[in-house]
Each structure stands twice: as structure tokens, then as C-alpha cells.
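A single structure is presented below for examination.
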Amino acid sequence: MNTPYFLEHIWLIPLFPLLTAAVMLFYGRKLANNIVSYLCAGSVFVSFIFSVGAFFQLVAMPQGERFFTKLLFEWVPAVPYHMFDGRLAQFVAGWEFQIDPLSAVMILVVTGVGFLIHVYSTGYMALEGGYYRFFGYLNLFMFAMLILVLANNFLMMFVGWEGVGTCSYLLIGFYFHRKSASDAGKKAFIVNRVGDAGFLLGIFLCSAVLGTVRFSDIGPALHAGNFQKGDPWLTAIALLLFVGAAGKSAQIPLYVWLPDAMEGPTPVSALIHAATMVTAGVYMVTRTNAIYQLAPKAMYVVALVGAITALFAATIGVVQNDIKKVLAYSTVSQLGYMFLACGVGAFTAGIFHLMTHAFFKGLLFLAAGSVIHALSGEQDMRKMGALSKRIPVTYWTMLIATLAIAGIFPFAGFVSKDLILGKAYEQDVLLWAIGYFTAGMTAFYMFRLVFMTFHGTSRVDHEVEHHIHESPKAMLVPLVILAGLSIVGGLVSWPEILGGNSHFVHFLEPVVGMAHQSRIEPLKGPSSRIGEINLMLMSEGLVVLGILFAWYLYIKRTELPAKIAKGLNGFYELVYHKYYVDELYDALFVNRAKDLGLALGWFDTNVINGVGVDGAGWLTRFVSRASMWWDTWIVDGSVKLGARIVWVLSLPVRLIQDGLVQSYMLFIVIGLIGFLGYYFYLAHHAVH
Amino acid sequence: MGHLIPPSIMPFVLPVLYAVVIVAVLPLLAGYIVLMERKVMADMQARLGPMRVGPHGLLQPIADAVKLLLKEDIIPDKADRLMFWFAPLVSVTMALLAYSALAIGPAFQIADLNIGLLFILAISSLGIYGIVLGGWASNSHYSLLGALRSAAQLVSYETAAGLGLISVLLLAGSLSMKDIVQAQLDQGVWFGFSVPFGFFIYLVGSIAETNRAPFDLPEAESELVAGYMTEYSGFRWSLYFLAEYANMIIVAGIATTLFLGGWLRPGARYHEHIPGTGIEWLDALPALLTLGVALYSLKLAPTQPVKIQKIVMVLVAVLCLGVACVLAGALFAPPAVMQGIHGAFWFMAKVFAYIYAFLWIRFTFPRYRFDQLMRLGWRFLIPLALVNVIGVGVAIVLRQQFAWGPIVSLIPTTLATLGVAMLLAKDDAPVAEAQTAAGE
Amino acid sequence: MIPVDDYLFLSLALFTIGVIGVLTRRNVIIMLMSIELILNAVNINLMVFSRMWGTVDGQVFAIFIITDAAAEAAVGLGIILAFFHNRETVLADEMDIMKW
Amino acid sequence: MQTLNQALFIFFAVLAVASAILMVTRRNIVHGAVFLITTLLSTAGIFLLLQAEFLFIVQVILYVGGIMVLFVFVIMLVNLDVSMRQVQFNRQWFVAGALALVLAGQFLFAIWVGRGALRLPAMASEISPKNTEAVADALFSHYMLPFEIASILLLVAMIGAVVMAKRRAG
């Protein structure tokens, strides 16, 4: 059979960014900025073309067979080992690329949004130093992310997982000369390590329990192992993997790094810390949904954590004044939504929300970047206002994104959010209630952001006022495209109840159901449709309420927020300082780690160095002194004695051997005289 | 004349006569080479040079000589008087002694030794003692350093130059000056053209051996005042001076004999006669040339500013005219006489051409540093000369075994030597740079 | 015709002077020069006998001797220079240790 | 002709012996070297009398022009004023001189005993008009191996001299 070209060459998709990343990092210093832009954005665009090609060729395959792997080379050859239940298994891992509906969606999102953000960056970073370095890291990130989503096994996914973590670290600390930036980078890196430890343990446990790390083998392994629903091993695996997901996707309690990560350049925040990398956790949970579906307790934990994170982050977001911080907490909150979706079994809804979120949150960040760009780097919303006329394109695109994230009909966010809430309502009313309330808060704080930024009276500094300008085309075009996607993004999975056909959900269903065909959730019957409509209306109502509330507080009665803050003084302070979580972590972990370091240092100095090394040194010195005494008096002494004896015996010889060459010559002459005399004597006798 | 001189002494008469002539003429010649040098230098530097004494400074050498001879004779207090007195004599004696084997023409030679070339080399290599002992006897650091440099330089370049000569000896198969010239006539090519690398090596070596720029380190005025001659003045100094210029003529004579065909006329094998006479066309050339010079001098005479100069210029013209007459008259003399006179003319012409090349090089190249000088000698010229000698040996085998022509057989040799030269130069460049970098 | 004996006497005289020089002078350079003198005396003998027998073998040997003298002078003077750099002396009776 | 040869022989012989004696006795090494050069040149003249032209040239070029230059060179490098003021003869000079004279006496005795037994062939100049060629023939045919060995000796000596004279670090 003739393999489709794009599927066969699926491995090229991550390769293009890798190549340009290598070029940038090795030779980029010598390249002109426009060459860097064309190379980097171009390579991502080529990847995007390949992704589109792969997507369509995948769609062209029959519904049930949309699955393709490409083994590039064996990485870990077969290593036999015993599983926990005593069976013998082969540990195999290869550089094997897998494409199915899930990864197809992911690569489209990653390369598509990634390309737009690359284009945006060419404008945004134009005047920054280290242009090539930025794009090198960005392309390296693209490579790692694509490896992550195209991986066919845990090991390869882990490579991508760590790769994106590294790039995230490098890019957060891009302005490394700023201490806050490098600290934020380190924080992200270290917090991620906690999650990665859980992820790694999960992988180990998975290979020990299921005997495989290949995703496509997990389903058959579960089947073959005859695992029951609620099996403790599976729950453990799922929880450990979720620890990893929580670290990467900034869920409680590992969310603390994401707000700080806003120290990086804004395109980085958009691409890595909103659209792609932070969703890796969601993707991973979805990818391993077969395990989760057999571990309901773990699923409940996931849902709960997601819901609490959503609410928790939203409350913090309400009081933040930094435009990017608001968006960061919003991101945490939305990720919470996604986990909520996964936790209630609506994996497809989670992924769908992931996609729409990538559109509108990427757009929000880019627009925020545009605002910051316009205001010469100002990020504090208290020093903005009345910008809608000055930077209209940014304003309108940002407004669209805000409407989308708030979930206003018919924007993309509406569809995905309601899908999740509907699913949650079916599972657990409490979870739905949290999500529902959070949706209202989301609308409130997002419109608070819009109103503070673009409406009301201008609070911009005079210095900055003069320089306000609309961003260059390279930045605006991605904004417009993403705005379009934010509007129509929901259409791909328009709910059936509103006359749609939920294409996207159906498209993803094989992935979600692949593990156990029999356990697929039945499609909702007509009876629940009424409820669905009601739920939608309820949430729309709450959202509109939130918007009006924001309008009232920040447009109509601008003096009110301060009064409220004063009235709720204690609570406001608590929320404003993000519930003192960072301080709590400092007290609990960071300072304890420092104490441990001090203790270990003391141990090194006094025990290992003092007793061990210095003691050994003293012992050696002592032994060598004894040895020296032996050498000097016994060994050397005997040698010297021998020499002395020879010296005495050689006295008569030395009288002749005086070392003067002329006296030796004299002896030669004496010998010659002797020989000649003897010769004459012989000749004399011969004659006579 | 035969009956005036006892027959037993007869064979010694002509050589003694020649010797006297050489000793008498050489100082004059040296003086005029100095004038020539100053004039050439002036020309190359777009100046006029000596113009005051005689027309175009033609009497300058005589004035200089008088000045030198009248100068006070100074011997430094702490000098080794015996050696100080002895050293210049060694120099000048050895320089003059070398002329005894030089063949100025087929007829003009004091002694045709069968080891003639080696004799000249041996004698001129003794000249170094004049320099070394003089430098030492002066009891001065400049002098001693100059002497040491001179000794090292001469020993080094004698080897290279000698190896350059050996290539010719192989081709000629004789050490006798006459036979070498004859060999060039027989083979139809001057050896300078058939072994250009031998000629090149001897050229460089001979410049170094005569302590002339760019190899004049023993008397480098910017470093050593005047080198080994620092403490000398007056007559002793002029002896050294004479020795140096006599040596120049010697090396030029050797080069002429070995590489430029000696007394042979250009086109020596071309024997077209002027119709109706026994005179060859080319033999008329010298007479016409000198006649031209005479006419030119005569034309210049009226333009001289001072009367005495006009007179001297006319005298010069008359002198040239006389020479032209002699050369023309020789055409009608018996062949032996004719060849003697014309041979001497051609020989001297070539010698002066070679000396002109010396001057040209002197005013063109900057002085070498001492380490560069040694590197050039030991790491470039000697290996090159060895390759050249081996190549000539191969060429002779080719000629004897395969009957290749005398010129054709040497082409591979020349090419091979050229290749080695390029290789050596390339090989040496980074070393030289490194050393310069380390040294400075 | 000069008798061979005269040459031999000359050679013997030079030889003896050379031997005395080597044995009695303290200066190493003079010692080396005396050795050259001895070699030279030998060369005269070789030359005379070569002339006497009408062959060139003696001259060939003389060439070998001169070669030898050259090698000896080069190495010997090299040693003297090295010694002088270390000890600032060229006196033979101060060179009385094998190693320094 | 005969008398000329005789006179030349006596001249060269006296010059050689006198210079040799001066060479051994001079306090100044440079003077010693000059006298040795004189001896060598006289010897070269004697070679010429013995019709060894090539050896004459070799003597002049190699001995005088090469080896002795080396000597003079080294003398100038190491010449110390102090050495002029030091005792010139060593402690054994009397014994050594006496023994050397004894040795000379033995040789003299040997020559004296055999005096008149050896004669040079009369007028041998006819046989060696090409002395150089004759030496070359012998050297490159019969004495080929020794010749090569001699060249190796020179090579070794050259390397040895370079190594000895090279300034050592520290």
C-alpha cells in the first residue's frame, strides 16, 4: 500500500524547527535579523504545512483506522525485565512518531498558533538584543513540543517534556540580566522538577505494572492484565502522572511558577505559558485516558484539583493590577477547567477547550503585548485607560478574545466551556457549581481588564502618552487571524442541540474510547437536551451579570473598588498577596531546603573533611615520618655503608685516576715508549 | 727580446708582467668601481652623485685615494699591535693572490693551474682571517662582533656558493678555468643558462661572501658602527677597502668564467663573415661600441661647466677612441692576438655587468637580520644547492646514457630544483613568522 | 732530490712539538690545536710515502685524516663551548670531575 | 729547478717548525692560532712540493679555511683576559716534556737507523698531471666504503656539535 506522504514523513515536522534552532544557536550571532526571522518563522510555517497535510491525510483514512506510527530508529533495544506480577516483559522504546486524531489536533494547534506567534515576535522583538537567541530558543521549544505531542511512548514524550521545560526556563530568563527574570526562570524549573519526579515515577510504575511504555500498547496491556476498575496500581499510576501534569500545567499546588513566568517576553507567555506548553499536562492525561478511566478515584482527584484551581486562580486574578499577571492567573484558571473536564471524563471537551483556549488566550497575551508595546513597556493597568481609540485594532481583537474567554454566545469559549460545564453537571453538581461560579468571575475580571485598559479616563504617564502607537503589521496580522479563530473556533464542534454536529468531539472519540470500546459514555439522549439548554442560559446569564458588575465598578463608579477593598481589608490583602502561598512555600520547603544544605555543609566541614580527610592526612604524615626514618637510617645507611667500603678500597686506584686528561695522555706516552723500547729490543735480537 | 733574458727564466717573464699589471691597475679599478657605485646609486635615487672632481666626478677616486693616503694613521692604545698591523695585509694579499688563477682572456692568465678554480676558492677563503684578526686585534666590541658575524657568514655562505659552483664543475669536468670556458663553447650554452639555480645560488652566496648589502651585517653601520673596520683609518682602512672591491671583482670573474661563458663572445658559434674579409660580423661589435662611447663623450665635452672638465672629457673620449682603435686593429691581427684582446674586452664587460647587478641588488633590498641571514643560508640555499647538484648529476647520466642534448637534459633538473625551492620557501615562511614573532 | 729522511725529520719535529703541547699546556684549545699539529705531521708522512710509492692511497688516507680532524674540531669545540658556558674556564686541569 | 725545490723545502720546513714551537709556547691563544695557521700553510706548501696538488687545496680550504676558522671563532667566544695571566703549563710539564723527548729520541733512532734506505722516484711529475682525478678515482672506487663511513662520521659530528653547543634551558 502506498503510504501517504505527509504521514510517512511525520518526523520531519519537529525536524524543521530543530534545524533552524541549531543554526540560530551555533551561527545566529552572525546572521542579520531579517534572515533570522525568515528562517525561523519559515521553518515553523513549513512544519505547519506538513501538519495540515498530515491532518488531511489522516482524515482521509476510515473512521476507525485513523492511526499511524513511524519508527525512525530503535532507541532502547529490547531489555527483558520482570513486571510486578512476575510476568516477563520487554522494555522497548524507539523514536517512534505517532499520529492519531489527538496528536493531529495538537500539532495543528502547536504549529499554527506557533507560526502566528513567530510572526508576531518578529515585530515585538525587533528592537531587542539577542534576537537570534530568542528565535533559537523558540524554535528549540517548537521542536520539543512537537516531539512531546508526536511521541508514541512515555520515554520519548519525556524527552519533549523536559525539552519544553528547558526552553521555558531559558525563555523566562531571557532577560537574564534582570534578577527577577532569572529567579522566575529558576523557580519555574525547580517547581517543574517536582512534577517531573512524579511523572517519572508514574512512567516507572506504568512500565512495571503494565509492561509497556508505548501508548498504543497500554490499551491491550490493560485488557491482557485483566485490570478491574479501581485497581490500586492504576490509581497510583494515574495520580503520579497527574502530579507531573499538575507541575507542567500549573495546578494546585504546583501553580506558583506560572505567574512569575510572566517575566519572560510576552510572545513567550503567549506561546509557552498560555497556548501550548502548559497544556501538555492536559494532553498527557488525555493521552493516558485509558488508565484514568479505570481509576475513578484518581479521576475525581483530577476533577477536584482542576475545579479548585480554577476558582482559586480566578479569585486572585480579580485583584491583580499587572495586565500579564491577570492573564496568567486566568490561564491557571482555564487550565483548571481543562482538568475539570478530564476529571469528569469529558476528555474530548478538555482537548476542545485546550484548542479554543490556545486561540483566545494566545490572542489575549499577544494583544496585551501589543498594549505593552504601545505603552513603552508599561504593564500596570492602573496606569492605562482610554486606549480604545488610540490602538483600535488591538482593542477590537482583545475585546473579541475577552468575549470568547468569558463564554459569550457564539464565540469559541462559549462552546467549549459549556461542553465542560454540561459534563460536570452530569457527574457532580458541586464541581459544576464551582465551575459555574468561576465562569462568572472570569467574565468579571476579564472585563475589568478591558475596562481598565481601554475605557474610562486615561491614567497614562505623560512621558508615555506621547509615544502611544499602534503596533506594526507583523504584530497585528496574527492578532486578526487569532481573533477570527476565536470567533469561529467553536463551530467545529457546534453542539447538536443548537443544530450542530459536534464534529470535533466525534473526531476525537476513537482516541478516548480506544482503550475499552465497551466503556464509551453513551451519547446524551434527548431527555438531557433540555437541561443542556438551561445550563447554557444559566451560564450566559451569570456571565452577563459579571460583565455588568465590572462595568459598574470600573466605568460607572470608579471610586467603588477602592472602597470595597478597604471594606474587605483582611480578605483583600489575603487575595492580593495570592493567599501568601509563595511565602508559605518559602517557609515550608525553600527555607527547609536551605537548612538542610547548611546542615549538610556542617557535616561536610566537620565530619567528612575534619575527621575523614584531615584524619587520613594526619595518618599519612605519621606513617611517612616513620618511613622516612627507616629510609634515612636503615635503607640509606646500608647503601652508604657499602659506598664507604668501596671508597676505602678504591683509594689506591684513585691516585692514578685523577680525572685529568693530560695525565692519562702521559700514560699513553709512557706505554708508547715502552712498546717502542720492546720493539727495538726484539729487532736488536733479531739482527743479532 | 728572447736573447736578452736567460731561457730558464723565460716562462716566468709573462706571468710576472701580468702580476705587476694587476697589482698596479687593481686599486685604480677599485676606485672607479666605487665611483660607478656612487653614480649608480645616485641614478637610482634620482640624484646626480659626485660631479665636482673632474667631469661627472671622473677624478673623484683619485681625490679619495689621496685623501686616504694622507690621513693620520691611528692604532688604538689597547689594540694587539702585531695583529692590527698584520690583518689588513692578509686581506689584501689574499685578494690579490686569487687573481693569479683568473683567466681574463685566452691569453691573459698568470698561471693556468689544473686546480685553478679550487685555488681561487681556497685563497679567497683565507681572506676571512684578515677580517677576523683585524676585528679581534682592535680590542673593541663592535669590531669583534663584526668579525664574528663575518666569520659565521662566510663559513655558511661559502658552503652554499661552493655547492653552486660544483654543478658547473660536473658539467665542465675540469677545474681549470680555461677548460671550463672551453666546455661552454663546446656545449654551445653558457652554464648560467643551463643551470640557472647554480648561478642564482652563487649570486646570493657571492654577495654574502663579499659582505655587501643586503648581507653587509659585519659592517652594518646602524648596529656596529663599521663592524670590523671600526678602529681602522687611513691607509690600513683603504687596504680593507681595496680587498673588498678586489674580492668583488674576483667573485664577478668566477661567475663570469663559470656561468657567463668567460671571454666568449655572445654567439660564439656564429661564424658569418663580412663578405670579402676574414672578419666575423660580431667581432666588429666591441670596436663600434667603444667608438660610440668616445663620440658621446666628445659630444658632452663642450657642455661641461669648467674648462678643466672639458679637457678631461676630451681626454676620456680620446682614451675610448684609443681602445676602439685597439679593438678594431685587433681584427686584422693574427687570430691569437685578436682573440686575446677581444676576449679580455668581453670578459671585462661581463664582470662589470655582474658588478652592476651587485650594485642594483644593494640599492634595492633592505638589510637582513642576522637570524634571517643564517636561516636563508642553511635552510634554503644549502638544501637547494644539494638538490641542484644531484639534479645535475642525473642530467649528466641522461646525457651520457640516453644521448640527451646538453640543454634538454638539464630542463628536468631546473624544474625539480624550482619545485624544491618553492617547497622550501613555503615551508620556511611560517617558521620565519613564528620566530620573528617570538624574537621581537 | 730531497731525501725522504728530511721529510721524516720534519714530520717528527712537528709531532714532538705537538705531543709536548698536548701534554703540558693547560688551555684545552691549545691542546686541541696541538692535536691538529700531530695529525698534520702524520699527513706529511703519508704524503711522502704516497709520493715514494707513486700511488694516491696515502693522499686518500690524508683526506680521511682531515675529515677526522674536522669532525674532532667540531665536536671538541662544541664541548669546550658548552663547558665554558657552565664553568667559565677552559683549563684542562680544572675539568677534573666527570659530571657537574 | 732542483735548487729551487731545495730552497723551498728548507723555507717551508723552518717556517713550519718555528711556527709550531711558537704556537705551543705563546701565552696569547689567538697568536697561537695564527702560528698554527702558518704551520698548516707551510705544510700545504710541502704537499705542493710532493706534487699532491689536491691535498694542498684540501689543506688550505678545509684546514685553514674551515677548521681553523672554527678555532678562531671559538677562541674569540671564550677568550678570557684572565687566562692570559694564569700559569700556562700544568704541574707535570717537566716530566711530560722529558718523556716526549724520550719518545722523539726513539723515533729519531728508528729513522737514523734506516736513513738513506728510502728514496723518492726521480721526477715523478709526469705521472700525476691529473692528481685530482687520481685521488677521486681511488676515493670513489677502492675506498668507497671508508669514504661513506667518513661522511657518516661527519654527519654524526655535525649533530654532536649542534647538540653540544645548543644553549640548554636553565
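Here the chain labels run A, B, C and D in written order, and each chain numbers its own residues starting at 1.
Definition applied: a contact is a pair of C-beta atoms (placed from the backbone, for glycine too) under 8 Å apart; a residue touches a chain by one contact, two chains touch by 3 or more.
Because the structure is a prediction, the values reported are computed rather than measured.
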Would you pick out the chains that touch chain B and also touch chain D? none
Pair sharing more residue contacts (C-beta pairs) when A-C is set against C-D: C-D
Where the centres are mean C-alpha positions, what is the separation of chain A from chain C, in Å? 90
Distance between the CA centroids of chain C and chain D (whole Å) is 6
How far is the middle of chain A from the middle of chain D, if each middle is the mean of its Cα atoms, in Å? 92
Centroid spacing, where centroids are CA-atom means, of chain B and chain C in whole angstrom: 36
Indicate the residues of chain C shared as contacts by at least two other chains. 19, 23-24, 92-93
Chain A residues touching 2+ other chains are 660, 662, 666, 669
Which pairs of chains touch each other in this structure? A-C, A-D, B-D, C-D
Flag every residue of chain D that touches chain A in the complex, lowest number first. 90, 92, 95-96, 99-100, 102-103, 106-107, 109-110
Give the list of chain D residues in touch with chain C in this complex. 2, 5-6, 9, 13, 16-17, 20-21, 23-24, 29, 32-33, 36, 39-40, 43, 46-47, 49-52, 54-55, 58-59, 62-63, 66-67, 70-71, 74-75, 77-78, 80, 83, 86-93, 96-97, 99-101, 103-104, 107-108, 111, 115-116, 118-122, 124, 127-128, 131, 134-135, 137-139, 142-143, 146, 150, 153-154, 156-158, 160-165, 167
With touch defined as at the start, can you tell me which chain A residues reach chain C in the complex? 658-662, 665-666, 669
Show which residues of chain C lie in contact with chain D when the two form their complex. 1-10, 12-21, 23-27, 29-30, 32-34, 36-37, 40, 43-44, 47-48, 50-52, 54-57, 59-60, 62-64, 66-75, 77-82, 84-85, 88, 90-93
Touching chain B in the complex: which residues of chain D? 28, 30-31, 34, 37, 53-54, 57, 60-61, 64-66, 69-70, 72-73, 76-77, 129-132
